[in-house]
Amino acid sequence: MMGFYFSRLVEIYPFFLKGLWMTSKIAFISLVTCTLIGFVLGVIRSSNNIILKRIVGVYVAFVRGTPFVVQIFIIFFILPDWGLQLDAFPAALLAMAIMGSAFICEIVAGGINSIHKGQWEAATSSGLTMIQQLRLVIVPQAMKVILPPLVGQYVLLIKDTSVVSVIGVMELTRVGWVTVVRIPEGLMVFSLVGALYFSISYPLILLSNYLERKMAI
Amino acid sequence: SSTLSEIVKRGELRVAVQSGAAPYAFIDKHGEHTGSMVDFTRGMADAMGVKIKILDFDWDGLIPALLSGKADILAADMTPTLKRALKISFADPWMSVQTCVFTKTGAGYQSLEDVNKPDITVGVLLGSTGETIAKQYLPNAKIKSYKGGGRMIIQALLAGHVDAGVNDDLAVLTALPDFPPNSIRLLDKRLGGKAPLSFAVLHESVNLWQWINLYFETIRSNGAYDKNIAYWMEGIEWKKDH
Amino acid sequence: MLVDFNFRIIFEYLPLFLTGLRSTCFIAVVSIALALATGIIACACRISGVKAIKYPAIAYIEIIRSTPLLVQIYFLYFGLPTLGLRVPELQTGILALMLNSGAYIAEIIRAGITSVDDGQLEAGTASGLNYFQRMRFIILPQALGVTIPPLLGQNIVLVKDSALLSLISVMELTRCGQTMTSERFMPAEAFFTVAFFYMCIYFCLKALADWSQRKLIFREAY
Amino acid sequence: MIEFKNVNKWFGKLHVLNNIDLKISKGEVLVICGPSGSGKSTLIRCINRLEKIQKGEIIVNNTPVHDKHTNLTKLRAQIGFVFQQFHLYPHMTVLQNVMLAPVNVKKLAKSEAEKIALEKLEQVGLTEKSSAYPAQLSGGQQQRVAIARGLTMSPEIMLFDEPTSALDPEMIGEVLDVMVNLVSEGMTMCVVTHEMGFAKKVAHRVLFMDEGKIVETGTPDDFFDNPKTDRAAEFISKILTH
Amino acid sequence: MIEFKNVNKWFGKLHVLNNIDLKISKGEVLVICGPSGSGKSTLIRCINRLEKIQKGEIIVNNTPVHDKHTNLTKLRAQIGFVFQQFHLYPHMTVLQNVMLAPVNVKKLAKSEAEKIALEKLEQVGLTEKSSAYPAQLSGGQQQRVAIARGLTMSPEIMLFDEPTSALDPEMIGEVLDVMVNLVSEGMTMCVVTHEMGFAKKVAHRVLFMDEGKIVETGTPDDFFDNPKTDRAAEFISKILTH
């Protein structure tokens, strides 16, 4: 029986590649967007503007406080009632961007806050403007602190793309899911799915570990 | 403007299905949507002269998808009930099935009484007609609901998660060949009457609703309907092709 | 839409949501307890010098960290029966959460242990304390201080992750939302209620984490 | 040149600066000392508005520092600040550290800024280290770079906050030498320090602070040999005994 | 009491201790000075085996320190060590810090250990702070607690590694006072420090290190006023000029 299922699994490998491609596409686009948004929010969150800081804080709390599945459902099924009608793919990207940017925002804010106050003061007393201080002095140094957890967060985000399968995006997990319905050999199907995720995530984990060691010096 | 003219203007008919429910709608080995209902809706799109877009959902995503305007037609093995009809409109039934009880061959359950016991767990599909019927006919048994199509119950049964399953007989019968031979047995007695299956649309889409009815009338008379049913429901020929 | 928002339905389903809430809390508490044990053992193996237990621990941690929880859940859910193990959904789900969180907790604990200043250890060594005494009196109490906030953070993650158990038919909070949707076709009401309850849990845990952060991390003495 | 008029500052309930009145004239070298927490750093940090004040007025070169409309960038270009912990930018070379402000605040061309930066580095005796990173330098060298950085905008005033107290004893001398040179060029300087040798050698005036107040002020010889107040006498005896 | 016989130590390729021969007799107070990185800390850390040596022998009270069979716990109980950065345990009160070793190494009863701990705290003048946490104390007070902790096992030898160089100038005195008291009680002491006042007042011998070697040794007066080597003369002039 195993052998029979295995040959059927081999037969449909293009389908798995399609899923892998979809997963990579979602991951790549959403990582880029949420990095950009996350940095902007992170700078705001570490600033002194109490009102903006609070607003970002509420946003972050909402995203961190609710499961990603629920967020996706809300974006996909409920936002249309308020006039935002999105297909599964853009909805998945939006959900990923919203979730990822909230987490990256916290990492960036943490990195900026970790820079010794003296660096701000030294830059201030040379007469640099706020933006110059950030761009020339603070962010380049904060990158050291930001980079390792950022790459770690990328891994988490890539893995979270599996959840967008619930709104019908044919990515890797959903491919596994519809396959297991045809080939009732879960161990085999999901080992394969797991191995494909591993092949994307593990290099990034290694990179994150490497950065952590390197930046620690 | 009416839903129908919107579809034509858009050039695309959007259909919500639940993959994993062979032979109604599932994904073949090339990763393409296929199945009896997929064929019907393809025919509808052809008749309208538009492209088709299949949207794939879990069972509990189907109705939200329709309500939130993601899809024009809900094409699932869904029975029109009065409660459901409060929110969406069902077209005339295109098919009817009966609810059956199935168990493992070796389990030795014979009658409904055998499975209507407190120590028996019965698997049903979340929100399906089977769920309602199981609650009604097997009040003593524990009901456990599953998502993701009729095969999930069979797998749960074989894995020992449940002692019996309740689902429509057609879905069970067509799924059986994918599982080890003679591992599953249907109890003789069917539950309830014939349960119709219908396509659904939003209340507002009256014109689309009429159009679907007309469509089925048409294909029934020109033989396309019978061909579809013969291929998908009455044989297992399709398994070779998909 | 907000005009349509049907609070009556929410109240009608409140008992169901409360059961779901209880179930989610139960799953969270049991899984985190088991995960803690798993994490401690995995971490102990990970930092030990014995290769026969060190490398399996590393493999376990790295595999878990580089595959999605959802895939792990499906893997166990569909896979355990293939191995002839009959594990009910709830237990399968708890097992998945335990294995998943355990790997992260192992890393949190490891970070906690390495965070204690070397100088502290040297001071202990210089006063003649042996390895176990240094662990017990100097490292662990301080490591605990720095570990508890991220552990609570992991608990928050776990509570949210438990939502994925809805996909294997475990009756918890998210699943209640889905049940309500499939019975009443009111997704907005269902999902916002679910989100609301998760937010409640989140704020409790967050408050606890912040409190412990303030309370337990001893500021450096110089 | 610098004038404090009835300046008051609180950190929450803590009254860190209590009715400070003080005039520093052009070319004057002022040494500030006092026990830890007495407000020395706060005092000089208010001069270039690294800290805000709640009452009173500080006037630098006829500009009210704590006025909303003051052009801070222009003000700060006239004031160089050197910190106890150097606070060099670790991700930039020595030359980049020194060039940063001329290029970005004065908008000088790179080549011109580099010329100025090298001049200042020569002044502190570190020309050959211009392409090293701060982490590759000893503490004394780092502090000299920090002084060059402070000088690079050609300020009229230099403020030093315990510039030698984070240094190994061997390196204190080289930093003090650079500062003595600055004095001989006629720079206006405010130095928080406990280096009595330096104070005796170059200071025009010593100011002793305690609990946010200026307790005593006088020439170095007067102050160290004949302190007028008990508190100052006690303090001096403490830093002298060991 | 302590004897170094041809001791050599490398960190990787760096030869940190180069043929060290040294005898310290009972009751002697030895001050070690030298430029940063010369191996001072490493030298005294070898005495209680916080660092291993690669060649040679160190003998403390007739026990070869770097022998496999040496009972380290017993050895370390005879030696108190005070670090530059105090290294108090931040999660314990002052009293708990001081009691930790007697209770756990000597296995004394709590009450007895407490008695000893309070005695030692009195010796450093901190009885009233016994229930405070380290973070609530000033630097000088923390270092005095660290000394009390070092004394709590009634050691015959006390090692100090720059005990005052992380302190504010005002607090250096209070720590040195405690150390001077120890000298007057006849404790054998090795002190790495640059506090010349202290060295002149109480040291029996000063040892000057550079690049892992003992360059010069002599009485404090001899050493500071008439250094024999150029390197020492240069070093002394540097720490004296300011």
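Chains here go by letter, A, B, C, D and E, matching the order in which they are written, and residues are numbered from 1 within each.
Note that a residue touches a chain if its C-beta (ideal position, glycine included) is under 8 Å from a C-beta of that chain, and two chains touch if they have at least 3 such contacts.
Everything numeric in this text was worked out from a predicted model, so none of it was measured.
Novice: With a step meaning a move to a chain it touches, how many steps does the shortest path from subunit A to subunit E take?
Specialist: Minimal hop count between subunit A and subunit E: 2.
Novice: Enumerate, in label order, the chains that touch subunit A and subunit C alike.
Specialist: B
Novice: Among the chains, which has its CA centre at the largest distance from subunit E's?
Specialist: Result for the farthest chain: B.
Novice: Hey, which chain ends up farthest from subunit D, C-alpha centres compared?
Specialist: Greatest centre separation from subunit D goes to chain B.
Novice: Give the chain pair that accounts for the most C-beta pairs in contact.
Specialist: Counting C-beta pairs in contact per chain pair, the top pair is A-C.
Novice: Counting in whole Å, what is the centre-to-centre distance of subunit B and subunit E, each centre being its mean C-alpha position?
Specialist: Computed value for the inter-centroid distance: 83 Å.
Novice: What is the distance, in whole Å, between the centres of subunit A and subunit B, each centre taken as the mean of its C-alpha atoms?
Specialist: 36
Novice: For subunit C, jot down the residues that touch at least 2 other chains.
Specialist: 78, 81, 167, 187, in rising order.
Novice: Could you list the positions in subunit E whose residues touch two or more of the other chains?
Specialist: If we look for residues of subunit E contacting two or more partner chains, we find none.
Novice: Send over the residues of subunit B in touch with two or more other chains.
Specialist: Within subunit B, residues 64, 67-68, 155, 158 contact more than one other chain.
Novice: Chain pairs that touch, all of them, please.
Specialist: The list of touching pairs comes to A-B, A-C, A-D, B-C, C-E, D-E.
Novice: Contact residues on subunit E for subunit D in the complex?
Specialist: The contact residues of subunit E facing subunit D are 35-36, 138, 164, 168-173, 176, 194-195, 197-198, 235, 238-239, 241-242.
Novice: Can you list the residues on subunit E that touch subunit C in the complex?
Specialist: Touching subunit C from subunit E are residues 48, 50, 72-77, 79-81, 83, 85-91, 100-101, 104-105, 133-135, 137, 139, 142, 146, 149-150, 152-153, 166.
Novice: Which bits of subunit B are touching subunit C when the two form their complex?
Specialist: Touch list, subunit B to subunit C: 59-60, 63-64, 67-68, 83-84, 86-88, 126-127, 144-147, 155, 158-161.
Novice: Name, in rising order, each residue of subunit C that touches subunit E in their complex.
Specialist: 117, 119-120, 122-130, 133, 137-138, 141-142, 145, 218-222
Novice: Along subunit A, where are the residues that touch subunit B in the complex?
Specialist: The contact residues of subunit A facing subunit B are 1, 8, 11-12, 14-15, 18, 73, 76-78, 80-81, 85, 87-88, 166-168, 170, 174-175, 177-179, 181-182, 184.
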